[in-house]
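Here come two complexes built around subunit A, the first alongside subunit B, the second alongside subunit C.
Here is the complex of A and B:
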């Protein structure tokens, strides 16, 4: 057995998923409340710990201590399965995200798959089962409506989400996220082709379909993570709390955390695909190739860069949420099927034509 | 001797009501449930985030489309009208606070005006101006909450808190004016409990100056927001004819394009003195009702500014008399006033016999008090025409055909208060 591989993987899993992503979930809950407070001329949570930073911990303890109540009219098996099904896929997608270059010769990605984006979409689409099951198993009308809405919403937007990534894959000619990032580090980020080979007519013109992709990808990401302006499955003013109306205690917390985890992974994916992942701008500290050795402190800087970008993206998510009203269900579906789907398809064709022209 | 046991069937009143309701429900089920069972009957309220209180709407959904809507009111019924029959006119003032509890000052004024109409009194100019000021403050405060809650219902949480920041200032003004932020109980038959306090006018004009930019901020967040437009335009359209035939009043009526405002049509207090416009809508959809409210707040500020500029001096209450509570200092010093005070407190006003109706343009619409007096200190019958109740009557016509999500936009745009509706 290759013990070294196992130990390195375990360290990476623990370090990335449990010591970074989960605390980041807690932190983004805190950030959500503080930023929304700042937007709304309020103070926000500031009692627990410095700047209220321990508020998520207090919330977590509260969730654990609450009565874990299962109503008698639910289908228990599915009811209990649903929260896990929303949280687990969100964390599983962490596996393929390259969160750094290399430290001590070890690639900073848990599984260096050659089908990275496909894996992400395959796993992320499992989240919808959690929501459907929650809505169905609750055996109650509001959760049911929420579940139905979110099923159609997530399935519809998955299509445009997947299609929006196709142009990028065509441009890079690669499905390995690590190599995509390396490519961007050398030739300029997908959205900012301002250095390396990207600084050419080809780079600038190819940035047009990439930009369209980015808009579709981000919007679909909002829809996939059920956040405003697309939070119809749980829009509280209509459906009380949507699919998790009947949930309490830690089961509710899992839905809640799953949403934030999905948001973080979504941000990570957007950063990886469009903003050069862990790479610094203008090719600073860029390793020569994917397999080249990287000094350990470069590796640390790269990890820091990745998370800085992810956090910036999360802040964008938060600001949007507290600024916009919510779509109506049919409008959302129309937007998804009539606009984004067509535009994404057209974008794929456009990219193909551009690639042929600039071969 | 043999004893015989017989079962006699005498239901108590609760059981009778329950069985009556059961038969009623049965009929109801038959009419709403279709046999195939493709429709979903959903109970919105009485405890639901979007119903602002305890309105219950029984919706029958075909997918996401509403096929039938049945509003059910009465969950907050307190019997205010019956209570009024058992107390003197002035004792009822605190109950009016709790009608439209978002604009207690306006309710106080409307009630006091109704009683004064019965008594045949006319307030001195300063008293009228003060009442106008409090009415317009209440209007701004109520519309702010209406729009804030409306925006929150369609998902724009931030607007709600912006409006609340402004309402806070109005509450501070109310506190300065009446001593209470919420339950003001400011007026009495024949005047108000106190004159404008020191510094009130300054604070009010600062508020007027600061409020308009804040309103513009809300404007930028909502009025041209594509999502908000999508949610509210051509949703819940009330035609002119419907608005009139359902007896709507206030911004809901004007949103449908009917230019009717009690302040202009049938001026009370000193509204004739002020120069202000009545905004009306063109389509009658949720968006028009929103625009009307926004503009009415601007007009209210206009009225407030004019009232501040032209505030007359002089007494605020009708002159001391046998009907009007005398000055406290005089009560302590002179015999005659002491006797009046005693009589007024124990027996109440000596109201003439007769029937009066007074309708005031409140934030929610025309709040009317109909007083039937048979003389003496208590009304024989007091009927409250509450605008929220009348405005909600259109729900069962308005909702069918629209989407489930439109319900919240429509409810928000109708801007009702259950405290007033159920009274």
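Here is the complex of A and C:
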């Protein structure tokens, strides 16, 4: 057995998933509350620690100490299983995201798979089980409606999500996220082809289908992660709290954390596919190839760049949530099936035609 | 890494048994998901990443979600516990045993039973991954079957739309 590989993987898993993504989840909850307060002209949580930064710690302690109440009418086994099933897939998708170039010759990605985006979609599609089971196991009206809504919503938007990535894969001719990022570092980010080979007529024209993809991808991501304006599965004004109505204490917190973790991974994937992942703009500090050696401080800068981009994207998620009103359920389904599905299909054909013209 | 094979094979088998053994339809559907996950892990161990990921994406992530959805919406009742008639049990057991015996005899006689079939080559790099290989094969050697399957799917899609629209009128 290859001990070096196992030790390196464990360090990467602990460092990326547990020491970075989970604190980022807590911080984005804080950011959500502060930004929403700023948008609504309130103050928001600012008492615990400097700027209220320790608020997530206080929240966590509260969640752990509250009574973990299980209503008597629920189906116990599934009621306990459901929160874990929302949290685990969200964290598992971290495995294929390249969060940096290289440090000490070690690739900064947990599993360098050749099916990167497909893996993310496959595991993310399992998240729906947690929500469905939560709704069903709660054995009461509103959670059930929330679960049913969530299923149909996620299935509808998964299709446009998958199709929206196809043009990018066609352009790069690769499914390995690490090589996709390297390609963008050398020849311009997918959405900003401003250097390298991207700085040409071909690059600018191909940016059109990429932009359409980006719009569809981001919107579907909102629907997949059940965020407002698409939070129909848990919308308070109709369904009390949707699928997690019957949950309390840490089990509720797991749903909450799962939602934010999914949002962070979604941001990470969007950044990787459309904004060059860990690469700096204009080809600065770009490694010569995927396997080329990189000085360790370049590696650190790349990791910092990745997380800066992810945080910017999370802030975008938050601002959108507090800006747009909620969709009606039939509007949501119409948007998914009648508009995005067709536009995404058309976009694939358009990309193919453009790729033939600009061989 | 043989122990991983045994873990995931056990997962797939336990899931498969669960599908039949559970009385509750939701538990059955869920065991099927577990079984699919075990299968996918086995594919990935053979370096067939695309097949493994598609197994999760299509079967566990889409088809079984729809199954669960329908089961929950229709509120399928739990199967009642009833005693198996003696001759039914005998017949079913006999068929199972005969099938296992057939497998054992066939595998011990043919050469396939003796050798381990090789896993896919673990390759990485542009143009050499299993995704590329499968894609190239599908669009060169097997281009005709792909077109036929595509038309079949299209016809099925049109059929579904026509059938579901008819009730609305």
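A few notes on this one:
Quick note on the criterion: the second predicted complex is superposed on the first by the 359 of 359 C-alpha atoms of A that agree within 3 Å, B and C clash if a C-alpha of one lies under 4 Å from a C-alpha of the other, contacts with A are read in each partner's own complex, and residues count from 1 in each chain.
The criterion applied here is as follows: a residue touches a chain if its C-beta (ideal position, glycine included) is under 8 Å from a C-beta of that chain, and two chains touch if they have at least 3 such contacts.
Here the structure is a predicted model, which means the values were calculated and not measured.
By the touch criterion defined above, A:176 lies against subunit C but remains apart from subunit B after alignment on the C-alpha atoms of chain A.
Of the two partner chains placed around the shared chain by superposition, subunit B is the only one that A:145 touches, whereas subunit C remains out of contact. When the two complexes are overlaid on their common chain A, residue A:211 makes contact with neither subunit B nor subunit C. In the superposed pair of complexes, A:123 makes contact with subunit C only, with no contact to subunit B.
In the superposed pair of complexes, A:329 makes contact with subunit B only, with no contact to subunit C. Residue overlap on subunit A between the subunit B contacts of one complex and the subunit C contacts of the other is empty. Residues of subunit A touching subunit B in their complex: 36, 39-42, 141-142, 145, 228-229, 231-232, 235-238, 240, 322-331.
Listing the residues of subunit B that touch subunit A in their complex gives 40, 42-43, 48-50, 64, 151-158, 161-162, 165, 221-222, 225, 227-228, 230-231, 403-408.
Residues 1, 78, 112-115, 118-119, 121-123, 125-126, 128-129, 132-133, 136, 144, 147-148, 151-152, 154-155, 158, 173-176, 179 of subunit A are the ones that touch subunit C when the two sit in their complex. Across the complex, subunit C meets subunit A through its residues 1, 26, 30, 33, 49-50, 53-54, 56-57, 60-62, 65-66, 68-69, 72-73, 124, 126, 129-131.
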